[in-house]
Structures are given as structure tokens and as C-alpha cells.
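The structures considered in this document are given below.
First chain A sits with chain B, and in the next complex the same chain sits with chain C.
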Partner chain A sequence: MTPKLFTLLLEAALSTLGISLVSIAIGFVIAMLLSAALLSGKSIYILPARLFISFFRGVPLLVQLLLIYTLLPVIGINVPGIVAAIVGLSLCTAAYQAENLRGGFASVPPGLIEAADVAGFTGAQTFIRIRAPIALRLTFPALVNEAIMILKSSSLVSVVGIIEITKMAQDLASSTYQPIPIFASAALIYFVINSAIALLGRYAERSLKGASA
Partner chain B sequence: MSVPAIAIRKLVKRFGETTVLQDIDLEIPEGKVSCLIGPSGSGKSTLLRCLAFLEEATSGMITINGEALGFFEDANGRRERLPANQIRAVRTKTGMVFQQFNLWPHMTALGNVSEALKLVRKVPKAEAEERAMVQLRKVGLENRAGHYPSQLSGGQQQRVAIARALALEPKIMLFDEPTSALDPELTGEVLNVMRDLASEGMTMVVVTHEIGFAASVGQQISFLDHGRLLFSGPPAEIFAKPRHPRLEQFLDTYLDRGASMLA
Partner chain C sequence: MMFDPQVIIEKLPEIGSGLFVTLWLWIAGVLGGVVAGFIVATARRFGGKIVNAVLGTIVEVLRGTPFLIQIFLLYYGGPFVGLMLDPIPCGLIGLTVYSAAYYSEVFRAGYASVPVGHVEAAACLGMTRFQTISRIQVPEMALIVLPPAINLAIILLKESAVLSIITVPELTATVSAIGSQQYAFLEAIFILAIVYWIIVELTDRLGRVAENRLSRLRFSKA
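Coming up: the complex of A and B.
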């Protein structure tokens, strides 16, 4: 296991990290939109949101990625692998994040929403300033968990041609005949990244707690 | 006679099959403190929530400073929902204080008081915070501006909630049992803030179990029982003997130190 090989793995780790973080962020925005739809009380928003969530939670991520990668060109949209990877991961994590947030939104005391209502907030203002921040605080640990899950699941994006840690490790293992040190290094890199996310998450959670009940 | 601050005409509120308010007719005089008393479950909160338009009445009409709230009902009982912007405009005349304070836990006291000014009234941040500080000073909490609700006592939280409502400069303040979630030793600071407000001539509608407060500060007392307004009048009249048996029974249950003088 030379430093050269380890550097290659680290470079691949940047792909993993970049794709995962971008997907989690995009997925978060979509999850909030899904939550708003679920809370709208209007079935034209609620039903599609429910369908979206069931679909992306019910179909394996691997199948989703392959579907996006092969389906989009057929309908005339040619996407690079990286876009397919980010779209696939984002939609998948959006469904899981929306499901996590659902419990948080349900736990926002109705009185806090009434207080916004009598103060003249519109529904959208109440969602953005009251409901969403409180639901996020209540479900923050689950969100950190989801970030870690996505980072691990991102190994699947190799099927759309992305060289991330796992794929790089496989390639290096077969070209160098040193599978054990290479896979051990890959495991170590995943472990370090995810420990850092867990630690940052706990730190963020504590500072959020300090700022609320 | 001038227009009453609030006029309630033949108000009915049902939840499904249950009638919670039955033919309520009541006028809330301007610049005075009106107290709403009655046993638990008699419909006091529901009536107040109708005035804040948190509940929509089933029939009947409410006017605030002569303007219809939510619905317009003509002499034939034909009812029409008013446009949203009109509802919004009439609602800005009232401010509401809840039993459970309902402060937003992720905002400081200053944030709670300034939020609607910034968001709804589009007041620039610096000015909104300045105006919020004026209200916090008024309730004696300027030195708690940076505290989160979880860092405040119940009495302080309720005073912040009062400041939050006052910041929007309502004409009428609605209070739903503002002290009943508080430890007894903390009710005084909230009642004092309310007394100050009353002495400034704020129109107030107060649902309360504090019979002492109602008797000393209230200028109109209304007694609600099983969704009906049994009577309404100045405290001297309401508490004068002989009393209606339902009121006598109610006073026996809720009599506190302040009301012992009435017994």
C-alpha cells in the first residue's frame, strides 16, 4: 500500500463526499417542499407527495439510479453520470428525510401556529419561520443519521460511471493484487468521514438545543 | 352611545353535533376591561377564539369597531364569507394572549416580539427591534431580551407573550386564562402588567378564574354557563346578592383569596 494508492483513494473520497453532501442538501430542500405539500390540506398536493415518498422509499436505490441513467437518454435527456448520481441520491434521500420530518411537523404544538396566525403570518410564513425550524430541531438526529446512510449508499453510484471510494478500491485491488490493505483503507476513510459527520451533528444539535426548549 | 369595541350578535358555535355556544349576544365596551367567567367547559375559550378568528362561528356575527369579522350576515340570516384581505385587516385590531403562552421556542424574547413586525408589517429590522424593546421594557423584561423562552419563568414568558401581542398595536387585547398555567407566586407579575394596561385605557377581554382580578379590575363581567350567556353587567351587579344559583355554585368552586371579600 503506497502513499500513491492512498492518495488515489482520498481523491475518490472527495467524489463520495461531494456527491453525498450536495444530494443531502438538495434532498433536504425537496423534503421541505414535500412536507409543505403534506401539510397543505389539499389533496392535489398531498397525493403526489405521498406517491413520491412511497416510490422512492420502496424501490432500491440501485434500481433508481439505473432507471434514471438509462431512462433519461431514451426520452432525449442526455445526462452525465454525475448528474444522474446526484438526481438519484437526492430524490431518494428526499423521501426518507420527508418521512423523518413528518414526525417533527406533527409534534409542533398547535398553539405556536395559532400564535403566528393571530399575528397575521401567512401560511407560507408560518411554515418557513415557525413550523420548519421547530420540526427540524425535533428531528435533527434522524437527519444526521440519514446523512450517514446516504454517504454509505453513495457507493452505488459507481453503476452510473462515477469513481467513488468503493469503485476506486475495487479497481486498485484488482490491478495491484493488494485487496486487504486497500479495502481496509477504504473502510477507514468511510469510518473517519462518518465519525466526523456524527460529531458535527452532535455539536450542531447541542447548539440548537441551547437555543430552544 | 359610541360603537362598541366588539359586538357579538346571535353567535352560535357547534363542533359537529355539539353546540358549544348558543345565541350569544354581547357588547364589549371600548376602553374597558371585560371579564368572562364561568365553569370549565362552558365555552369561554371558544368564544374568545371566535373573537380572534381562530374558530369560525357556525352562525351569527361579530363586529370589531363596527366592521364585520370573517362573515357578514344580513337580516335574513344569509351569510357570506368576507374576502381574505378584509378578514386580515379586521383581525389586526385584536391581539391574543394564550393560557400556554405559545412563545416560539427557537426565538429569543426579542425575536418573539419583533418577528411579526418584520415579517408581517415589513418594518426594517433595526426599527422592529427598537419597537420590540419598548414593549419588553413596558412588561419589565428589557434585561431578558436575549433569553430564549426555556430560560424564562412562566410569568416572564407570559409577559413576553403580552409584549408580543402589544407590539402589533392592537385596539383590543384578548386574554385566555393568562395566569392559570402559572405557579401561584407568579400570577401577580402578570396581573400587574394587565392592570397597567387597563389603566392606560386598553380595551381588554379577559377569560379568567381570578375572581379577585375580575371583581377589582373588571368593569363588565359576563357569566357563561353551558354555552349560554347567563348574564352580563358591572361587577357590583353580578356579585350582588341574591345571586343566580349557577353563579353561586361557580363562586363556591373558584373562590380565591381575592374574592373572599365578596362572599
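Coming up: the complex of A and C.
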């Protein structure tokens, strides 16, 4: 294991980080839309949202990635592999984040929602100003966990040929014939990034608590 | 391209054998993980500071790194340290170790949920540590650990699809191979997704039934 190989892995880690961050952000937006649909009280919104969440939580991410990867060209959408990978990861994490948020939205005191209603807030205003901020604060630890899960799951996009830590490690392991040091280094990089996310999460959680007190 | 699942459905026996491999690897991995995870959690609780720190670090590393990397390390790295494993045993070991790490955390939370007073009362009554664990702590934590344990089992079923990458002949590997042979990859993956979805939904339902049964059992005697 030379420093040069390790540098290559570190460069690939940037790709892992980028893919994960973009997917979590897009997934968060979709999860918010799903939550709004679930809370709308109208079954034409609730049923598709439930189906979406159940499907993407019920099917292995690897299968989802393969499905999206083969489906997009068939329905005439030709996008680079990395876009397909990000779409797959985003849809998957959206379902999990929506499920986490469901718990948060359930814990918003009904009195606050009634108060907003009496104060003349529209349904959308109540969602954006009252329900979402409270639910978000309550589910923040779950969001940090989900970020760690997605960072680990992003290793699966190596299967569709995207160069990130895992794919780079695989290529290096087969060209140098040193699988143990290379995969161990890849594991170390994942572990360090995940520990950093967990630490930042705990720090942010404390400041969030401070803000609400 | 027409969507024609017929070509896949003709291959039902092959799909069945892939499903069988997935199911037994999954069940064996979960059972092994529950047993090993419980032992790890118990050792961490009663084994002193050093044991706790060492096992805690191993658990954190297993939980903080992708399953795919762990499998690669075992499958491609194993032969370099004299550990020559075929895909299926390698997959089984990998899945068990990975699930043990997660189950140990479930049981750790379970131990923490049992009130200290109950454990002290058992000690006052002269129960040994083994008796306290088997008669007080395990029954009391059962209801707490069941929902996360079932969630974890579902996660592991989905994680087992990753084993197709090291050529374990499980469901994902079998169905996608059929898809490539028949030039019907989309149909194959679609059917694959549906099969997993059904198993996950069934497990989820069964889990909820078990939870209800257990809570009735637990509280009817109170």
C-alpha cells in the first residue's frame, strides 16, 4: 500500500461524499413532499405516497439501482450513469426519511396546529411554519443516521460502474493484487467519514436544543 | 422493447432455487446474528471495561463501514491469510458477522431498558447472574427488542442482495442472470423487486402479529 494508492482512494472519497450529499438533499425534498401528501388528508395524495414509501423501503437498494439503470433508457431517458445512481439513492433515502419524518409530524402537538388555524394560517403555511420545523427538530438524530446509511449504501453504485471509493478499491485491488490493505484502507475512509458525520450530528443536535430552549 | 414477463415466468424453477438460497442465508444470518449479538451485548455489559471497549470498537467499525467492503475484504482478502472461502460460506459468515454487530446494539438497548431495581431485587433474592439474565432481563427486554429486531431482519434480507456481487447464487444473482440470457433484463429486475417487496411486507406483518401476541402474553400475567 503506497501513499499514491491511498491518495487515489481519498480522491474517490470526494466522489462518494458528493453523490451521498446530493442524494440526501434531493431525498429530503422528496421526503418533505411525501410528508405533505401523507398529512393532506386526501386519499389521492396519501395512497401514492404510501405506495412509494412501501416500495422503496421494501426492495433492496441494489435492485432499485439496477431497475432504474435499465428502466431509464427504455423509457427514452438517456442520462449518464452517475445521474441514474443519484436518482436511485435519492428515491431510496426519500422513502426512509419520509418514514422518519412521519414520527416527527405525529409528535407535533395538535394544539399548535389548531392555534395556527385559528390565527388564519392556510394549510400550506401551517405545514411550512409550524409542523415542518418542529418535526425536523424532533427527527434530526434520525436524519443523521440516515446520512450515515446512505454514505454506506453509496458503495453499491460501484456496481453500475460509478467511480467512488468502493469501485476505486476494487480496481486497485485487482491491478495491484493487494486486496487486504486496499479494502482495509477503503473501510477506514468510510469509517472516518461516518464518525465525523456522527460527531457533527451530535454537535448540531446540541445547538438545535439550545435554539429551542 | 415490449414488456414481456412471460420469458421470466418460464424460468420459475430457477428463480425458486435462487429464492431458496436467499431465504436460508437470510434466516441463518439473522439467527446467527441474534445469538452472537446477544453474547456480545452480554459480554460488553458484564465483562469489564476492557472487553467492553474492544467489542465496542469492533461493533462500531462493522456498523460504520459498508457491507460490500466487508464482503470484499473477506472474499478477496481471505485467501491471502489462508482463508479460502467459497461464495456461499463467505456470504453466510459475512452476513452473520454484520448482523451480529447490529443485533448487539439492539440487545444493549434492551439491557438498558430493564429497570435497575428489578436486577437488584433479583440479586437480593439470591439469584445468580445467569438466573437474573434468563428470568428477569431477557423476558423484560423481549417486548422492547422485538420491533427493532424485526426491522433489522428486514434490512438484512435486503442487504443479502449484495451477496450477488461475489457470485452467491441467491435471488438477485439468479434473476438478473436469467434476464441477461433472455434479453429481458428490465422484466427480470422488475419481478425481482416485486418478490423482495412481498417478502418484506410479509415479514413486517408477521412481526406486528408477534408483537401483539407477545404484549398480550406479557401483560395478561401482570
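As a convention for this text, the second predicted complex is superposed on the first by the 212 of 213 C-alpha atoms of A that agree within 3 Å, B and C clash if a C-alpha of one lies under 4 Å from a C-alpha of the other, contacts with A are read in each partner's own complex, and residues count from 1 in each chain.
The rule we apply is simple: a contact is a pair of C-beta atoms (placed from the backbone, for glycine too) under 8 Å apart; a residue touches a chain by one contact, two chains touch by 3 or more.
Owing to the predicted nature of the structure, the values given are computational and were not obtained by experimental measurement.
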item: Superposition on chain A - do chain B and chain C clash or fit; value: fit
item: Partner chain in contact with A:L71 - chain B first, chain C second, else both or neither; value: second
item: Vertex chain A, arms to chain B and chain C (CA centres, degrees, nearest 10); value: 110
item: Touching partner for A:N194 - first (chain B), second (chain C), both, neither; value: second
item: Touched partner set for A:A173, first chain B, second chain C, both or neither; value: second
item: Contacts of A:R202 with chain B and chain C, given as first, second, both or neither; value: neither
item: Partner chain in contact with A:P133 - chain B first, chain C second, else both or neither; value: first
item: Chain B versus chain C as contact partner of A:A184, first or second or both or neither; value: second
item: Chain B versus chain C as contact partner of A:V59, first or second or both or neither; value: second
item: Which partner, chain B or chain C, touches more chain A residues; value: C
item: Least C-alpha distance (whole Å) that remains between chain C and chain B when both complexes are overlaid; value: 28
item: Set intersection of chain A contacts, chain C complex versus chain B complex; value: none
item: Chain B partner contacts - residues on chain A that touch it in the complex; value: 109, 111-112, 114-121, 125, 129-130, 133-134, 137, 211-213
item: Interface residues, chain B side, partner chain A - complex; value: 52-54, 88, 91-92, 94-96, 98, 100, 102-106, 115-116, 119-121, 148-150, 161, 164-165, 168
item: Chain A residues within the chain C interface of the complex; value: 54-55, 57-64, 66-67, 70-71, 74, 148, 152-153, 155-156, 158-159, 166, 169-170, 173, 179-180, 183-184, 186-187, 190-191, 194-195
item: Parts of chain C lying in touch with chain A, wherever the complex brings them together; value: 1, 60-61, 64-70, 72-73, 76-77, 80-81, 157-162, 164-165, 172, 176, 185-186, 189-190, 192-193, 196-197, 200-201
